[in-house]
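You will see subunit A twice below: alongside subunit B first, and alongside subunit C after that.
Up next, the complex of A and B:
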């Protein structure tokens, strides 16, 4: 009797061994440790934490190690783990005004309370290779400032808000618990909590492109960076049995608030409008892109036209998720031969019928062929 | 409890039975009940992030995880075959997380999870088909916005689809949809049958089995209860018709099954074989011989075993 040859299962298992071998690379080169990735590839870890929607630097570093530095694959590992974690509650709202500042710059004021704090940034470097990094053993020794930073630094939109010039951020009626898009399906039009949540976990490159499109003219946003700040913020939680807030620890955040062209109406005097971005770790590009797109997505709320991709919530929210996008794009690698056979059968038949028809026409009008 | 904390016999971390936590399974079952109550209607559900990639069957996997129990026997097919990479991977997932009893025989299975095919052997009452669905919205290619397509379904406004099918006929002489061919369910909702070839559409009509559809990435579940009317959209003067082949299966000689084309050389040589691997094997075991069975053994497609 004849049976189908089945090599599939063994071949699949072999791919697991092969990828492990490829991940390790040349065994003569020392293996990288998770701690090294966490400490020395912190910006990559931040991106994995953002797109994986989980603040855990060690797991982000492990994910990067396991994924050979593939950020989307690493984010996927984070999410598949995150989905198994219990939700024991929501934290208290974070107070970013009380952030322990590492960096804080404003483009709208020359100087302001708390001052401009440049902090660690590539912004003012020349992009020239530092070949000394080819060798190990380099240690940086930054100088301490003469005086400590101010304990609290007012946020720029709050300064504008005190003058009534900035669109106020009011919690929705009853201040409900924010939507959780990992637990419930999103419907459209999506509210702002859903939009911000989706963008915070969205692909940095996608949001960067959309934010850029808005600046270039595919959307009417003309923003100023009110402020970008990076630093540590305490996360507080109120356990039901205690009834008061306890400190769960600090997380590093980047917050960006863009000041956009004003809006006004018969009843409301003109005010600047706000674009908001908040992400894990030091991720200025992501926070800025997010705040550009946040403002663009407010178009409908302000009665503006929504002609461009960045202004359409369905477009932005559905396509910003890189783990979903990568899955669907890459599923094209799966076998599709059954459907393709359907297409082959159809195209061959249509071509055959066309040839027969042409041949008949030829016979019917022999002189036309001459 | 996290996988770090969950105690097990050997204190190794462990996942819940069939991976999903029980709250999530209940949520999915509620969505399934609603879907069964309104055949063909797409029920939004809180699709979870799965350890397999989106677009690789996470909707079907979540449904199977929510309905499977120790008494079930699971068959997983992709392209009709039990040994395609994705089918193997999903079967292993349930063997690992649900200690599932698996099989390849269509009539032994209580749950059949599938991508792109319905088995050739008729399904029986009590069997559950679970379809993996990439694009649950049949109108999506005509209208990209979900907010609009939901309204179109609510109003049963399917004119756009009829126009699309008509335009196909005007341009090519026939409807050019060969898979994921739209159907009307119970005289009400237009539904995407998932990318099964239209050859399989008639098998859905009045099927004695329960048919469940899961789209994980798009976060939708829909269903066909047993004995539901499923009509492939067509026109009186252009009736629906299924694919046909000029020759029978090269291995088992079946003339009634969906055939895959296998390229056997670079001289234009082709062999047509059943896409339903179990159907084909069963027929060969019964003594049916296709014209190319010997050649197939020579090219390593099948193996001759001594009884």
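Up next, the complex of A and C:
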């Protein structure tokens, strides 16, 4: 239990000054600007936007600057800021089929309509240091093809879906509004919309570990990347006063369609099953991890055993949020003096009682021997 | 509105020129829109996360209303875009202002085309290796 204590104001004010100095580092080195972080640390910004659950590249960059690059602290800043804003409403559901593709690969089809587009990826780099980056002034000059990519590319699972080999993804009856865990408490078993929202804002490392556990056999689902796509998608919104959908601009998204081994039932012949990941920014590892865990969490829907952590919605959803997790872990740093005093008295009493008991036994023993 | 949402503040400022007299019906306000996705791309709706959005509604002295809604937190841009939206409704198609917006749209399309051509340069041409040939 945490008991509020008073005092320490002066020390706290002093630490604010000190952390500002620590954040700034050596003043002889030029200060980094928010725009530089936004433009040159975009993948870190994407992670902050995801885990902060707020798409705003400038704010993500500011959060990273303020948090000295601590991603979870930065996500916390985003979450805190979000609570100060009014919500105008919900967007129209994103149409990822209309994405302006910058990267799109499939591990299941070599020749797919629209093609395999590697885009900007570290996948084929050698992971050797580029010491030229120690110096400034390097400018890239990417190649340009004569023609742009196809304006729309089919989502890969839809290709198999047309043959009936793929589990269908269709809206439930009436296309209901999704549950919002920022407004209502989650209960279990959690529906897919709750699970997806929770994972989209969940910790990348946690989901990566769980996704990996699935691959290693703790809930094996034999996954293939049906498709990973990265690019820009327009956000549409219907303002009350206008009554029609308007285009608010583009956001960058990463989408992963994970194809997994079969399930069938009395009524449905065996089909591939699906896991889905969708995240802000260019965040493939997160989208892939999310899609692995999404599939694992469907275990109950398919009548599979739920023996492993990645298959248990309560475990996954309660522990995926790194702002909550960090809060609970890190609150242990706060004063627990009263609590600890209680424990101290308890252990002293236990030891005293033990000594007394041993002493009594010692006295009793010689008599027993005689 | 889609073009103005993607335009920068300075582009809108340049196109609008001196802001006309107006009332603010809704002062620039930053809030969020909850962005929805669909499971699998086409299935059940879910909340992906919020995005910052800034809106503004103005009324010109002739009574014409202008609206602006765009991603981000730029209140000044929202106000200028709302004014431009109102002015555009008053002007005939093909006027200088409409041409200016068309030019911005063309610039945005060109940027999109360039990005797409850079991506297209990374498109894979597979060839299958024949063993033992």
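The rule is simple: the second predicted complex is superposed on the first by the 359 of 370 C-alpha atoms of A that agree within 3 Å, B and C clash if a C-alpha of one lies under 4 Å from a C-alpha of the other, contacts with A are read in each partner's own complex, and residues count from 1 in each chain.
As a convention for this text, a residue touches a chain if its C-beta (ideal position, glycine included) is under 8 Å from a C-beta of that chain, and two chains touch if they have at least 3 such contacts.
Small disclaimer: the values here were computed from a predicted structure and weren't measured.
Look at A:86: by the touch rule set out above, it reaches both subunit B and subunit C.
Legend: residue contacts after superposition of the two complexes on their common chain; A:113 is shown touching neither subunit B nor subunit C.
Contacts of A:25 after superposition on the shared chain: neither subunit B nor subunit C is touched.
In the superposition on chain A, A:270 makes contact with neither subunit B nor subunit C.
Of the two partner chains placed around the shared chain by superposition, subunit C is the only one that A:50 touches, whereas subunit B remains out of contact. Counting the residues of subunit A that each partner touches, subunit B and subunit C differ, and the larger count belongs to C. Contacts of A:350 after superposition on the shared chain: subunit B is touched, whereas subunit C is not.
Touching of subunit A by both subunit B and subunit C, each in its own complex, is seen for residues 82, 85-86, 182. Those residues of subunit A whose C-beta lies close enough to touch subunit B in the complex are 1-6, 8-9, 11-12, 76, 79-86, 182-189, 314, 318, 323-324, 326-331, 334-339, 341-346, 350, 353.
Those residues of subunit A that touch subunit C in the complex are listed here as 49-50, 53-56, 58-59, 82, 85-94, 96-97, 100-103, 110-111, 115-119, 142-149, 155, 157-158, 168-172, 175-182, 192-194, 196-197, 200-201, 234-235, 237, 239, 241-242, 246-251, 255, 257, 274, 276, 278-280, 294. Touching subunit A in their complex are the following residues of subunit C: 1-2, 5-6, 29-53, 55, 57, 67, 69-73, 112-124, 126.
Of all residues in subunit B, only 1-3, 15, 21, 44-51, 53-56, 58, 78-80, 83-86, 88-89, 92, 115-117, 134, 144-147, 172-174, 176, 178-180, 195-199, 217, 219-220, 243, 245, 251, 258-261, 275, 277, 280-281, 284-285, 293, 296-297, 300-305, 307 touch subunit A in the complex they form.
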